[in-house]
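In what comes next, chain A is part of two complexes: it sits with chain B in the first one and with chain C in the second one.
Moving on, here comes the complex of A and B:
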């Protein structure tokens, strides 16, 4: 057997897994999205061409969910990155505490999102939640974290940020630790203060690490489901309903698989588009666009 | 070396495929061997006949909750008595529904028995996924275990289709009641609330005189799980989401009157986060003694009366309340057990259903403090029940009246229940949160529910 054939055969198991778990479901979903497939109706599925996509783009609820998703991702990535960077910076300056806090800050990351959401649901509770208890103790009126449509999504966002910070912190801390001291010493000699060092030395050196954090957090935030579902169920009304919650309702509450598939296909390409734009714009994998 | 590695991989893959194939064929043979002749019509009367399906398996799909506890505790009795092995899977309600629907779509018949919520009966009926039980009741009743003659028509009605065919045996049933703090009502000389107007009046008094306690608490979140509260309250005013012909009747004067009062109760007399409250947070508040009144399922009375988990145990009472239309406010719930149409073990499944609902098991459940909301009316006369429920005598005394108040007419019996309930409840939830007015909520809900059927 030639080397070439053997090598190709060795890739076969991975290829089969990819075909069955990656390609086949996507093709099936694409086909379903062009039909009126409903799991709770016995009538055979009919080909409806783009009807589900037309329904999607003409449904206000879809656009509202998409808008909330974008808002959620934007704030989640931004705040996770900033807070993660701040913590990483502080830990980098305190080497004695670094290992202890590095482990401590990992706790949110290792707790399952379901457990986190259920705990936060009770902590957010307006009447016996610990957050409002503390607020009341310091003379601040209770905040209706989950029952107020204006802030329910933000309440879920805080939980996602809390879970996302450790990953950002770990990656950025690794980046900070790998920076050579000589560059800082040279900058200091040239008269740069701490702020200038941060802006002109630290941040450019952290660039690749920052891009990894942004890409990973963007994908994570786009996937958030359990936290919102368990905290608010998308409510009150549909005030915290993101695209994932909407898809889940259409697919697994109403079993309208045709429409749910069209939403899923849209989301897939939407996530791919955002991620590829970030990767291309930053050139993290050597793909930076030449201006 | 490479050839050896390649050979090893091929051997492992072949063995895996072979074993998988063997596994499948073994299961099929087992299914066939356990599938008995279902066409024989004979009345099962003796204990020996319980052994008719000895050696077979039954796959049971159940919902988490106290209804399942009896099966966990007494499944061994059934297995010993019949020789049938039970394979029980327990999931939360949405997962259970997903599993059953996927199993039915694939027509595999992996599950013989499934727990059913009454609101999904039209959906299951539309798809013929559940076996009609009328033939079994007529032709194969088990003398020791059959309890159908002792279950009220209103409870059985929850599990029937429009033609009157029964699709599940009711395991539990509850009606709507107002649970109230008798100690607070007595302290302020407030009479027992009998009407929706009494509830509002009492809420106003309690708000003034008991500032540390919320006068009212109930479900107000935007999920279909809270639909029962608002729609049940509306029935007291003669309002319902859909009429008998299936026409959407959300935006009516009766519904407006009902929701104006309900939103007032939830908006002014309930906690600020009432629009986010599901059964869990709402009941927790009541158990902690932070609310005076709770409109809920009657099943919650026994939970609130349990001294181990409730600080209001011994201080509560309950009442069936009526509205301007003379109808009782509803919070109907019913859980049953049905037989999958794709089951290959329908006769043994029918035997299990009867055993599960038998008086003997009901008595054991009561004796072990598992639950008291049992549809079999004979249970109320047993010494075990009387002894075990003496602490909630106020409740058991009213139980016949409570159960008689069940009126399934208000419930939207449609296969699209989940969508309808959510479309309605989302708008009511926003009205409770003060985001929109009741008029706006009803106008929007009317459009949203109509859109479900377009």
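Moving on, here comes the complex of A and C:
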């Protein structure tokens, strides 16, 4: 058996899985998005061409959900990156116990998002939640974390950041650990202070690691579902409704499968667009081919 | 940072570093601590802010959840589904990962990117057609359908990780074995897999944890017989009241699995998470 055929056979099972559960659903969704498919009606689905897409682009609720998603992703990525970097930096200065803390800081990441969301719902509670209890103790008035439409999305964002920091920290720490100490010694000899070292040695060397963190965190925060769904259900009203929550409402509460499919196709395109932009702008996949 | 710090300066630096790390540990662990505290409170105290040690610890919530509720069934479902997903996706994924590591072809990175898009896409985008497909195949509320879906959602990650681990295995070993008449698949199974073993274990653990934690697909595709524990957690929200104490104890039990896994395999899990990401 030739090497080429062997390698093809090795990828065959994976290919079949992708075909049946990736390609088929995407094609099916594409088709459904052009029909008026509703689960609540027994009449066969009718081809309506771009009606669902027109409905999407003319619905204010869709644009609001999109805007919220973008804000959510932007702040989530930015803050997890900065905090993750800070922690990685400090951890890199602590040779003792570093591995102990590294494992400990993983905890938010490996607990089920469902558990995290429900637990935060309990802690955020307006009447008996521990957060408001602590705030009251230090003389701050209670905050209605989940019931106030102005801050409900922020409350969810906070949970996502809490969950996202470990991944950023882990990757950036691996980046810092891979930096040769001799470079710093040389920079120090040239009279660079800590701040200069950080700007001109640490950060440039961390570039690829930073890109990976940003790509992964963008992907993860675009995916967020449980945290928002279980904390606020998109509410109050639709004040914390992101694209994912909106789609699942349209599809699984209102059973408007046609419209939900068009939203799904849009989101799929949107996510691929954003990530491929980041990847292209930073050339992370390209550099790999060169290296 | 410097090398000419005096002893006292070093001590100050260490105090600052470790107090910062302790502070962040508190942020990381407080929610879990509070969950544990709530789960041990008698039902009258659930809403009180009492800290651990200031109230009489009771295990009634655990008793309720473990012996008077179907929670153990759903926990078992989660375990079966996660294990089956690992057993299917890891062999399938490492075979493809191996091919990706070894084969030379044009546009390899483009293909790789296409595979990765399945990891990028929010589950919701696939949910509607997959749900309709499972309805048609009469596989709603069936463990098999969830195992298939999780195999798919984790496959990209699996290929991504195993590829980087196989790339570390020197080709020379396999080439030498081939000279001795070992088949291609024999090379893969007898040389590449054992050498990349640690990485494959790391991959398997990660996939197990991700599957164990999954909520979205389980919530739309199961009702009772295939229900997983994450979905069951939401049923402690009754129409009239929320059983916080029981929810907390069920959550503590549900968190044990990933945490124990992470502790038992700390090197591997850190390696899996960082290497996979960094090598990607």
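To be clear about the criterion, the second predicted complex is superposed on the first by the 277 of 291 C-alpha atoms of A that agree within 3 Å, B and C clash if a C-alpha of one lies under 4 Å from a C-alpha of the other, contacts with A are read in each partner's own complex, and residues count from 1 in each chain.
As a working rule, contacts are C-beta pairs under 8 Å (C-beta built on N, C-alpha and C of every residue); 3 or more make two chains touch, one makes a residue touch a chain.
Keep in mind the model is a prediction, meaning the values are calculated, not measured.
Using the contact criterion defined above for the overlaid structures, shared-chain residue A:194 touches chain C, although it does not reach chain B.
By the touch criterion defined above, A:149 lies against chain B but remains apart from chain C after alignment on the C-alpha atoms of chain A.
Contact with neither chain B nor chain C is seen for A:55 once the two complexes are overlaid on the shared chain.
In the superposition on chain A, A:179 makes contact with neither chain B nor chain C.
In the superposition on chain A, A:216 makes contact with chain C only, not with chain B.
In the superposed model, A:252 makes contact with both chain B and chain C. Of the two partner chains placed by superposition, only chain B is touched by A:40; chain C is not. The partner of chain A that touches more of its residues, comparing chain B with chain C, is C. Contact with both chain B and chain C is seen for A:128 once the two complexes are overlaid on the shared chain.
When the two structures are aligned on the shared chain, A:236 is found in touch with chain B, with no touch to chain C. Shared interface residues of chain A, touching chain B in one complex and chain C in the other, are 1, 6, 13, 122, 127-128, 252.
Partner chain B is touched in their complex by these residues of chain A: 1, 6, 9, 13, 39-42, 121-122, 125-128, 142, 144-149, 152, 232-239, 249, 252-255. Residues 1, 3, 6-8, 10-11, 13-15, 17-18, 20-22, 24-26, 28-29, 32, 87, 90-91, 93-94, 97, 99, 101-108, 110-116, 118-120, 122-123, 127-128, 130, 133, 162, 166-167, 170-171, 173-175, 184-185, 188, 194, 197, 209, 212-213, 216, 219, 222-223, 225-226, 230, 243-244, 247-248, 251-252, 257, 260-261, 264-265, 267-268, 271-272, 275-276, 279, 285-286, 288-289 of chain A are the ones touching chain C in the complex. Against chain A, in their complex, chain C makes its touches with residues 1-3, 13-14, 17-18, 20-21, 24-25, 27-29, 31-32, 34-35, 38, 47-49, 91-93, 95-96, 98-100, 102-103, 109, 112-113, 115, 117-133, 148-149, 151-152, 155, 159, 183-185, 188, 209, 212-213, 215-216, 220, 230, 233-234, 244, 247-248, 251, 254-255, 258-259, 261-263, 266, 269-270, 273-274, 277-278, 280.
Within the complex, the chain B residues that touch chain A are 2-3, 6, 9, 94, 98, 101-102, 105, 123, 126-128, 214, 220-224, 271-278, 281, 284-285, 288, 290, 415-416, 418-419, 422, 426-427, 429-430, 432-433, 435.
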